[in-house]
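Same chain, two partners: subunit A is paired with subunit B first, then with subunit C.
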Partner chain A sequence: MADSPSVPAAVAEPSVEELAPTPPAARGLAGHWDVVLRLGLLGIVIILAAYFAIRTWTGSWPPIFLTTDNIQNIGRQMAVYGVIAVGETFVIITAGIDLSVGSVLGVSGVVAALELLNGWPLIVAIITPLILATAIGLFNGLLIDTQRLPPFIVTLGMLGVLRGVTQLLGSGKEVTFDPTQANASGFLAFAGNTFLGVPNLFWILLAVSVVAGIFLHFTRRGQYIYALGSNLEGARRAGVNIRATTLTVYAISGFLAGVAGIMLTARTSLGDPLAGTGYELDAIAAAVLGGASLFGARGSIAGTFLGVLLVQVLANGIDLIGVQPYWQQVIEGSLLIFVVWVDQWRKRRLAQ
Partner chain B sequence: MKRHTRLFVVTIVGLAAIIAASLAVTGSPRSVAAQHVRSHAGKTLHGLRMEVIVKTVNSSYWTTVINGAKKAARQFGVQALNYTGANSEANIAGQIALMEDAIAKHPDFIVLSPTSANPLDGVITKAYKAGIKMILIDSAATTNNYQSFLATNNHEGGCFAANALAAAIKRKTGKAAGAVAYATFLSGVGSLGQRDKGFTDCIAHFPGLHIVRHVDAGGDQATKPISIAANTLTGVPNLVGYFADNLYTLEGALTAFKEHGANMNKISLDGFDPSTTLVTGLKQHKVDGIILQDPYQMGYGGVAYGILAAAGLRVPKNLDTGVSVATPANVNSPAIQGLLFPDTKRGLGF
Partner chain C sequence: MVAEERTEIAPVLEAHGIFKRYGRVTALNGVEFEAYPREIVALIGDNGAGKSTLIKILSGAIRPDEGTIVLDGQTVEFHTPRDARDAGIETVYQDLALAQDLDVATNLFLGREVVLPGLLGMLEFLNRKAMRTQAAQYLRQLRVTIQNPRQTVDTLSGGQRQSVAVARAVFWGKHILILDEPTAALGVAQSTMVLELIQRVRDQGLTVVFISHNMPHVFEVADRMIVLRHGQRVGTLFPKEASMEQAVSLMTGALGTDSRTA
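Entry: the complex of A and B
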């Protein structure tokens, strides 16, 4: 235990008030810019929705974009991306990054499918991948904290390792299980169904977001997460347990990637070894759109949620009006640059 | 608060401007609203709406499918809501999302090439039950809830490839004997698996030829196909033949063979699906055979069958769209040219 000899393990961690390095504005909820950005995102989503509603008008209410079917589709389509983006937000706030989440999603989904295929009860097929995913996250966190390895490199390496392992597990093939099997049918039905008109997959995203939001914004550990991103040395000297906090965020990121993997397997009814490829970039983009900064200490669950919503509404609407899908990437990329640019402009103006 | 109000306005206006500008310059997207309320009693063949969803739009094979579909749409006067596909042939969730969106638009029929057999069953069935006619092309789904399936007999195509490879090997080395390898683009895809099986089944008819290696590009369209071919060339020094089961693996093999300086007087290469690069390679004797499917007909026939199905007529459940082999010897013949350049050189019929 060579990392912080000046902080004996027995010292209690500081209370929120004692945590001087973290000004209220950096906690993500109360900062003015964060509120402005979130309102701005919400405004854009509403404007886009209105635009797509008008463009998909068919002569009678509701326009295709606003039909129950389509709104449910958006909910279903954003659920997997949303869950993984929420996990990524935790890591980004600590000024870290987790590039392995797409591969964690993949391996979790394949493990779940393999267990269903081999007749394990559904509960086992759900718990095992979650334990695996969390363990991977803890492993990432340990490497980053104890060995002082850069998060970018560690998680990039794990991206490759896990993707290879996933392929090995499935022998390079998709893992298909019989959908009418006793252990699988309920699982698949759950993914396709709705409760009170809201798709079940979206309920999972909502539940994840609410719990994550409460944890991040209303608990001490959540404040420590911001503290790490804001001023690592300051947080260490103030007595924050850096290791516990680092492990927590990477474990959460891994865990939620596991949840997303299981959700995707349920939605596609197979274990796809290539599932999740590239999702880590979508997750980072959504978090940054929502106000997170790769330099840490900024970001919120609500912001990330809105970021994912914006991207999915755009994707869905563009497809409905028949515009070529390539434009979606152009728009998303431009939005990302614009949001970061405005954030920098704001910082410069405040500094004057 | 004034500073923040301005910031707020800047943010909203800026984001809106980017999106509006991007959407505005995207040409003339087909308007979904063109169709007004139609009476359900007495369907007419006017004003039919359809959507075509292929595996990915990033491929010359699928572009040919879409060109065939567009020609049919033009000739029959069908309104196409979208010609679309996911960003890669491995993106299952992406195609599911496109199907969901298509169902929301409720066209008269959808022409779909399923990225994977099982996962698309749910949305195919949902469309079918909603009264949207489903025409599947190129790759099968597991469900039976569709009106027609137009595809290549992939096993036959693989067998043609084996025969063509054996013939090329015999021509170059004097006998049909030696070490042969084959590459698949992605394990577990139905159509590719059938091609591979057709290939291995028919290679077995040549007792001198032995399959010594079977490589897999893992679904990577970009660089994996090149490296697996290069590594096979290095790893099997006395290789006489290489079969690639789709466009990406064949193009990758061609590149690898060129980079490796493979001696095309000793080694033979063939595989599935043409492209400009591959046809040039064929003429230069760098490729010995290209198995031609008929993607143009899949697109054209898919739309035609969709129209018939939408009009309430029963269409054949399965249609074999046929395979041919293009070789350096026959590449300039009218039949092969018609398959290679269907937009301009297709002869009688379509």
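Entry: the complex of A and C
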């Protein structure tokens, strides 16, 4: 047989025996679920935005919800959650999970603050936490791949270990540094500023999302991430380097949690040892809302981005209209269950 | 093909004196195996006869305790399945090893993707268009009917899935294909699709070795049948000459000869 199959001169048209083809319904809604879901999410965001705009109408344009200030606020809020959620998406697609990201965020932020406090150059205060965060991610990945430990347990353990370490580092208190310090002022200014009307922190989220999206959807390693989540053994047999792929996703998750931690320190101008507590759940929720499945092989950066947008629009709007913030949790939780439910319906539909 | 002609041609794959023991159980007890070019050989036998063990040895998944494997006249040793694949032996196990959530073209190229030319290629950017085109062409060539190559594997029928798994194994130009129960989970129409594919693959010059419990299917496509029982080879049958009853008798031990001396 030729190395690259070539079509013979007289190739017959495919015969008509369409043996048990995909039923028309599955080619419809269930077959194009990813697109449907994203449109659906966008639709919900638009509806929510419209609702909040109406509810915060003050008699003149723009309504409070749609003021530049508020939209920029949503952007800033989205930035930290979004970056961490993007990292989590990579891990979830491999049918893994990273529960340590909230703690990685915390330790990264505190390390950055400590270094600034001690007068270290800004560049060092940014690079050290990133290296640390990536190393933690690699460590997680190594334990999971070489020792075959369940990701849930490994990262849950790290969640605790890191949170404890963070408290030790800060002696149980917030780490504050002088915001007017030479090494810190530019840092804080950057976090508070906007460029072309868009908050800098949001630009970071955009940059991260674009790079992550291109890597995940257009490169070979990105393909392997999906393959691993779809059929680990099959991928292994096909020659995919399982270890490299596993290490890659956990390193990315750790790294981005580090980025988020630094962003948060820049925004709040202090190193909070409790920063990031619970963020892992928000990250997972955003990814799943965006179409990722905990069983792996599903999900996208765009979807996660929409998931984060939805959650932050909801949070912001509920706060503005004065409704108790607990409603946000109720709505978010219900949406999550709904999305997962519909995903299962889609799966059953396709299985005929 | 008649046996007298066959002795002129050298086997493409042979195994001699294969022993495999698991503790006190002897899975394979000095088995001889041979497969010729452009042939479909069926490996048949009751449960526990050693068929799976033998093909696992031939595909490099496990190592024999004793015995040699000869490929194209050269003695070879397979330490891993990779070795067997590199030597030209592709195996499709019952689980198919397809990534259900990914599309047909992606599965076909899994592990061996085509990247874009130039700088993007060095960064490992995928050339999906090329892969899709080649996949569609190739499936057409093999008469595997898949409506849309962008379909994910989980939307395909069982027969289509098996066909994709077989097509993938053959795609890489290997000259020996081993199939473990290719029609086991399939209905009548879908089995036909797969059996026809196997024959087309043989006609294109490959050697196909397959395990099956389905006697009608075996008799339909096999050129030759090797019968195992309790870890030993108890006979060689030719579907054109032997009957299913003979085959089953050999498998279960009621008969101790092969069709040549019956």
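The working rule: the second predicted complex is superposed on the first by the 321 of 352 C-alpha atoms of A that agree within 3 Å, B and C clash if a C-alpha of one lies under 4 Å from a C-alpha of the other, contacts with A are read in each partner's own complex, and residues count from 1 in each chain.
In the analysis below, contacts are C-beta pairs under 8 Å (C-beta built on N, C-alpha and C of every residue); 3 or more make two chains touch, one makes a residue touch a chain.
Owing to the predicted nature of the structure, the values given are computational and were not obtained by experimental measurement.
Colleague: For A:Val330, decide between first (touching subunit B), second (touching subunit C), both and neither.
Modeller: In the superposed model, A:Val330 contacts subunit B only, not subunit C.
Colleague: Quick one: is A:Ala297 in contact with subunit B, with subunit C, with both, or with neither? Answer first, second, both or neither.
Modeller: The answer is second: A:Ala297 touches subunit C but not subunit B.
Colleague: Should A:Gly43 be classified as contacting the first partner (subunit B), the second (subunit C), both, or neither?
Modeller: In the superposition, A:Gly43 touches subunit B alone.
Colleague: Based on the superposed arrangement, let me know which partner A:Gly186 touches: subunit B (first), subunit C (second), both, or neither?
Modeller: neither
Colleague: Based on the superposed arrangement, let me know which partner A:Val240 touches: subunit B (first), subunit C (second), both, or neither?
Modeller: Touch partner of A:Val240: subunit C, not subunit B.
Colleague: Report for A:Gly160: first if it touches subunit B alone, second if subunit C alone, otherwise both or neither.
Modeller: Touch partners of A:Gly160: none, neither subunit B nor subunit C.
Colleague: State whether subunit B or subunit C is in contact with more residues of subunit A in the superposed arrangement.
Modeller: B
Colleague: A:Thr219 contacts which: subunit B (first), subunit C (second), both, neither?
Modeller: second
Colleague: Under the stated touch criterion, which partner chain does A:Gly172 make contact with: subunit B (first), subunit C (second), both, or neither?
Modeller: Once the two structures are laid over each other on A, A:Gly172 reaches subunit B alone.
Colleague: Does subunit B (first) or subunit C (second) touch A:Ala227, or do both, or does neither?
Modeller: In the superposed model, A:Ala227 contacts subunit C only, not subunit B.
Colleague: Overlap the subunit B and subunit C contact sets on subunit A and report the shared residues.
Modeller: Touching subunit B in the first complex and subunit C in the second, no residue of subunit A appears in both lists.
Colleague: For the complex, which residues does subunit A have touching subunit B?
Modeller: Within the complex, subunit A touches subunit B at residues 32-33, 36-37, 39-40, 43-44, 47-48, 51, 55-60, 64, 67, 69-70, 73, 76-77, 80, 167, 171-174, 176, 179, 192, 264, 267-270, 272, 274-275, 277, 314-316, 318-325, 327, 330-331, 334-335, 338-339, 342, 346, 349.
Colleague: Which positions of subunit B touch subunit A when the two form their complex?
Modeller: It comes out as residues 3-4, 7-8, 10-12, 14-16, 18-19, 22-23, 26, 29-33, 35-37, 57, 81-82, 84-85, 87, 90, 92-93, 96-98, 100-101, 103-106, 116, 118-119, 121-122, 187-188, 216, 218-219.
Colleague: What residues on subunit A touch subunit C, complex-wise?
Modeller: 1-8, 11-12, 14-15, 17-22, 26-27, 31, 218-221, 223, 226-227, 229-231, 233-235, 237-240, 296-298, 350-351
Colleague: Provide the residue numbers of subunit C that touch subunit A in the complex, in ascending order.
Modeller: Going by the criterion above, the answer is residues 81-82, 95-102, 106, 110-113, 115, 123-126, 134, 137-138, 140-141, 143, 145, 147, 151-152, 154-160, 170-171, 173-175, 189-190, 193, 204-206.
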